């Protein structure tokens, strides 16, 4: 085709093919690793950027379709790039651009053989995620979906000699698979007829299941996608699997892969299903609130830095679900402006989470390389040895804590606006639910700040908590290299830009809301400086002015102080109330910092702790806070299965007479019943 | 754009308030301390004492720990800047503040959070026992106080259909006086939050150095000279800001409307009067109540949170 | 009713009787003899049916049956048990009276089952399906009550006989190819059984199946 | 023309059987075995081409009948038989080297292998319901000898159970066939034609329903024993675990399919005669029961071959369920699943065979870290397992996708069972295979280099069919689906 009628979908497809090609190339070239990390990964970063741009292009364009002559007979692979897919493509590309750049530096240390395989899996992972977004028929969607799970499973189990990592991988793949079957079933409900052609999304859009069956489809989809997104109570795999993977992969899993689940829910609910029912919204909302609080609470008591981030991902997924729930409710009750507002908030937040969570995860990668530790309880003071990582991660930390003028704040602001504007719903129960939900959101946000202070403070600030040797080692921990810095720098830049130009972002998101809900948010204020979703009288926010003001005031103060007084500064030993003998062990450990949360929310945790007696010469305190749900939900299921299995195994007891008796009885029974 | 909408008087109002706030804040602290002194039968150091202290601190040489990082040195300016900014968002003498369009109540809470985050991080920077302890306790107090404050403000903005403080205030002040039950709950919650956030008894004690009880003080132990001065100033700005929020939400009457030059002096007078009363009230309350154990604080603040949510619920119920 | 039919019916009844006898029989030698007798009855009935319907290939199959079921197989089995000397009594899992009762129940059951078919069946085969079915089920019952490998095999062969009876008498004979195929299979099967007996014997030094209960899920 | 082609297909393995019976103890017997299998495969390809071009064929006075449904199974059978012979060449030598097998046993193995192929091909291609029975019985007899090849007590016991249970089952099937003939007589009259499927198929509307119901019950129970439907499956795990691995591969991969074909042939007639969903319901019931029981049993297995035997039961259950549902999509899916299962499961057994030889045990606790000692075996096992568990982009997923969604659309009540069972099966198999492949290892290397080309050929095919299906293959499936209704 000539350049005139090239569609976004073509470009996207080409880029995906390119990604797969790069992966294979990496596998082939595993004998010369430098090619892999010096050339292939930067190239794939560029490819990701291309994906992002394609997505941006597709936002404006009308949905365009491609059909590949592959797949099942009568069911070729349908691809479709509409604003929703486009938006998530931007998310995918934007995040993975940074992550791949980072990976170029991070994987340097790996052995060629492992690296080649890993390169393949990494690129398959990227490609399959993109394919999930483009799929326009159930088969392609499922194939891409499971390929995504499979490739990420192999990435998670990269160093499979560690039994815990194997366990994590197993749990992950199991949950993913069960979830996938559920999604499959919901497609089965929605499929429009009995031919193979009934599996295209268009056929599903055309089919009108009864409200009962669409509810079944929705519930199945919520379960399936929830299992992938880590919604409570299907979350158990997430804090195991995400930390186990190499950091860039954890970044992609937390930052991007979870969002594909969100994409799936949105696609199902607002595109494939015709009618929504109010209680879907309530259910989603409640699940979301549960997930958010649960996630942040458990994040607060973690000691492993990557586990902490994983739990915080659970929290953010909760917030996203809340947004979706609100959208459904408003949409059902015909308050489309509000629906658009909350959907915008949801999409915006997923974009934000992709940026800062990837940033933080790759950051932990650098720390891991520098110190060889994941246990925050033995870190501290890294800001002095790794200034770059510290500075860049500070941006991420501030952003994820939802502080102005960074991006985390904008999405939370929009979400809260949605709550504030919500009264007047016909259903009084929902009216009651709304303020409570708002309160819970606020609580979760505040707790997130707590968690992040712990995260950043314990890792980077203070003095190293480790034994003297590793403390000395940490003093000279090497900072991130060029590629790693570039990657993190990009992600940090994303956090800032998304924070400063909300109006532009919202305008882009409007394309999506317009397509899904038939209405969009728009901006009441003129110009790109001031964000006013409904009307400047009601609410407005201008991060740029905010930033300028804060900086202005700060600089003015600094100037005044130094000019009228002086800038003299001396350094001395820390004072600490004049306390004579102070050492690093007197600081709060990660655990100590989480202790108030453990104490306040005691009933939620299953706490095992051994407290030293006053007479111990080397007093040591151990405490683990475990997830009650594991004991209340998963183990019983396991036991039940084992019980059934043991009963069934009685069938096979080795006596041939009884085997014959089975045949005999079966025959007789059948004969009786014909 | 904001600028083209703005007329001269608004800018003037904004600037006046900017200066007035930053200059008057220590005075308020001084006044509260003075009242405390009187209540404790001391003669007190006079209302101007804070200024003297600040001056003295600015003159001194700053001493910081060997391992203090840039974060530690930047923090005082950040905190000061945030608090000052907060005080300029809130309509104190007049309702039309062009800048308040840039940041509404949610952003206001955000500003406070930003300052808190930085001071907590700075407290952990040196790596002393008290620093981390203070940071931990501060965050513990705040993660309950912040949502409570947010809920209070939500109640107000529900009533006035806006999250812009100026609109809220003008809405309240323009209405003829009426009783909002939801606001009553909100007011109670706000009072508790105010006490907690400004490190007052019974949650904290602004002028204790008893290791086991202090929260805010523990965080700033390592600061000296100009850094300390800025932080102290910032905290008095914070107190001022909270007072102004309280006044703006619960007794806004007499505040100057858009561009009423004539109303300005009167409103300033009224404001002074309200502040004096409030300060005295605070002092009295502190004198009458005792510091509570640190782990009772969450319950205390939890009550505030619940009250605030209750207020919101009541608003939904009675739509009043 | 023509004489031939009466004869066939008589033979059918006889067959059923023999199966019952086998079910009741404890001694292996007489079990084999009964099996030979069963074969003879089968051959006879096939012969009669052949005469009645005038289908030539039925003569062949009658002859085949005579050769195989009356002479070859019993002879083989006799040799086997002589070589393996397993002339002991067969203790059954289900004691004789109970298995007889079950057997009677089975007969009634299968007659009822076959009744509608017998309605539509013309002339000759009336009721024969029922008898065939009954003896199939009885042989099956015998298989699952016997503990010795040999007796199990004999039961299996009598099952084959009943099937053969069904084929030959009830349906006036399957096509010749099929009959030959079946016959061949039966022959091979018996040989393989023979091989197995020796192998089982030399590995477990007994033909008691209860040694072969090792493979199971646990 | 067609006669000669068919003759080539059938006589090659027969000749091979005879040849190997004579020359089986020669050193190059293995190569001869592969060669004959290869010729058989060629003949099958030629025949397939012919049928694709010219549609259904009738040969040898209507005694043989080749339509799209059985010709694709013929091709599949010949292919897998060929690859298995390739695999068994080094595998059996290693077994001999380990002293598990004598030359005499190998001799028996090769000839029986060819005869087994022959019987399966006959069962597939014949038009005569009686001959199908004869061939099935013959297949049983040959495989009984193969299963007991090692002469160990365990293998003897397995073979004995297999022999007795399948013998009984097959006998019942014969009674069913007789009943069918009995019913057919009244329509088609005496003589040969009354058992020819093509004729029966034309008059199926007039066949007496009550008799056919009865017949189908016997046929289902009979051939069902061979398919391994619960509760008739008891012989299957033993036979698979104790026989030589190539035999397990062909048993799982091929014989079960052949038995299922026989059932499907009779189902067509019964449906035609009854006009109700009676047969379908029976098959769905058996299928679901098999899936559920097998997946539960999976979680308790310690022996790796035994475990995969149970997984065969599970998949056969799934296929039977799909055939039971009927309708173009489900039938298509069922046949696709047959193909995928044959290819994948045999590939798995190949990999398992070598893994077992390397670690010297079939107990999974003692097989560890295959990927360390031999990446090919390790990856083969891992990928095969993922494929059989229905992980895309492998083709098994394609069929499971269609089966599950169709079930959800048509028989929603069945889907919870499927969902739970598949979940349990996944947990069971993957949880056991993961440490076998990953982690530290204790395995040792082998005297002869393993032949893993077959594994990867199969897996590549499965992968390809998951992503792309050649049009002729597709329309071939469609014709078959239309045929079975």
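Here the chain labels run A, B, C and D in written order, and each chain numbers its own residues starting at 1.
Here is the rule we go by: a residue touches a chain if its C-beta (ideal position, glycine included) is under 8 Å from a C-beta of that chain, and two chains touch if they have at least 3 such contacts.
As the structure is a computational prediction, the values presented were derived from the model and not from experiment.
Of all chains, the one whose Cα centroid sits at the greatest distance from that of chain A is C.
Ranked by number of C-beta pairs in contact, the top chain pair is A-B. The centroid of the Cα atoms in chain B and the matching centroid in chain D are 78 Å apart.
A straight line joining the Cα centres of chain A and chain C is 70 Å long. Inter-chain spacing, taken between the CA centroids of chain B and chain C, is 101 Å. Chain A and chain B have Cα centroids lying 36 Å from one another. Counting partners per residue, chain A has 649, 651-652, 656, 660, 663, 667, 671 as the residues that reach two or more other chains. Within chain D, residues 160-161, 164, 168, 172, 214, 237, 297, 300 each touch two or more of the remaining chains. Residue positions of chain B with contacts to 2 or more other chains are absent. Interface note: chains touch in the pairs A-B, A-C, A-D, C-D. Chain contact summary for the complex, chain A toward chain D: residues 69-74, 138-139, 142-143, 145-147, 150, 157, 160-161, 163, 166, 169-170, 173-174, 177-178, 181-182, 184-185, 187-189, 191, 194-196, 199, 216, 641-642, 644-646, 648-649, 651-652, 656, 659-660, 662-663, 666-667, 670-671, 674.
Within the complex formed with chain C, the chain D residues making contact are 63, 128, 130-131, 133-134, 137-138, 141, 144-145, 148, 151-154, 156-161, 163-164, 167-168, 171-172, 174-175, 178-179, 181-182, 185-186, 190-192, 194-195, 208, 210-211, 214, 237-238, 241-242, 297, 300-301.
Interface residues of chain A, counted against chain B in their complex, comprise 380-381, 383-384, 394, 398, 401-404, 409, 412-413, 416-417, 419-420, 423, 431-432, 434-436, 438-439, 442-443, 445-447, 449-450, 452-454, 456-458, 461-463, 526-527, 529-530, 536-542, 545-546, 549-551, 553-554, 557-558, 561, 564-566, 568-577, 579, 582, 584, 586-588, 592-593, 595-597, 599-600. On the chain C side of its complex with chain A, the touching residues are 93, 109, 113, 137, 140-141, 143-145, 147, 209, 212-218. Those residues of chain B whose C-beta lies close enough to touch chain A in the complex are 1-2, 58-59, 61-69, 71, 77-78, 80-82, 84-85, 88, 99, 101-104, 106-107, 110-111, 113-114, 116-117, 120-121, 124-133, 135-137, 139-140, 142-144, 146-147, 150-151, 154, 157-158, 161-164, 167, 209, 211, 221-222, 226, 230, 295, 298, 305, 308-309, 312-313, 315-316, 319.
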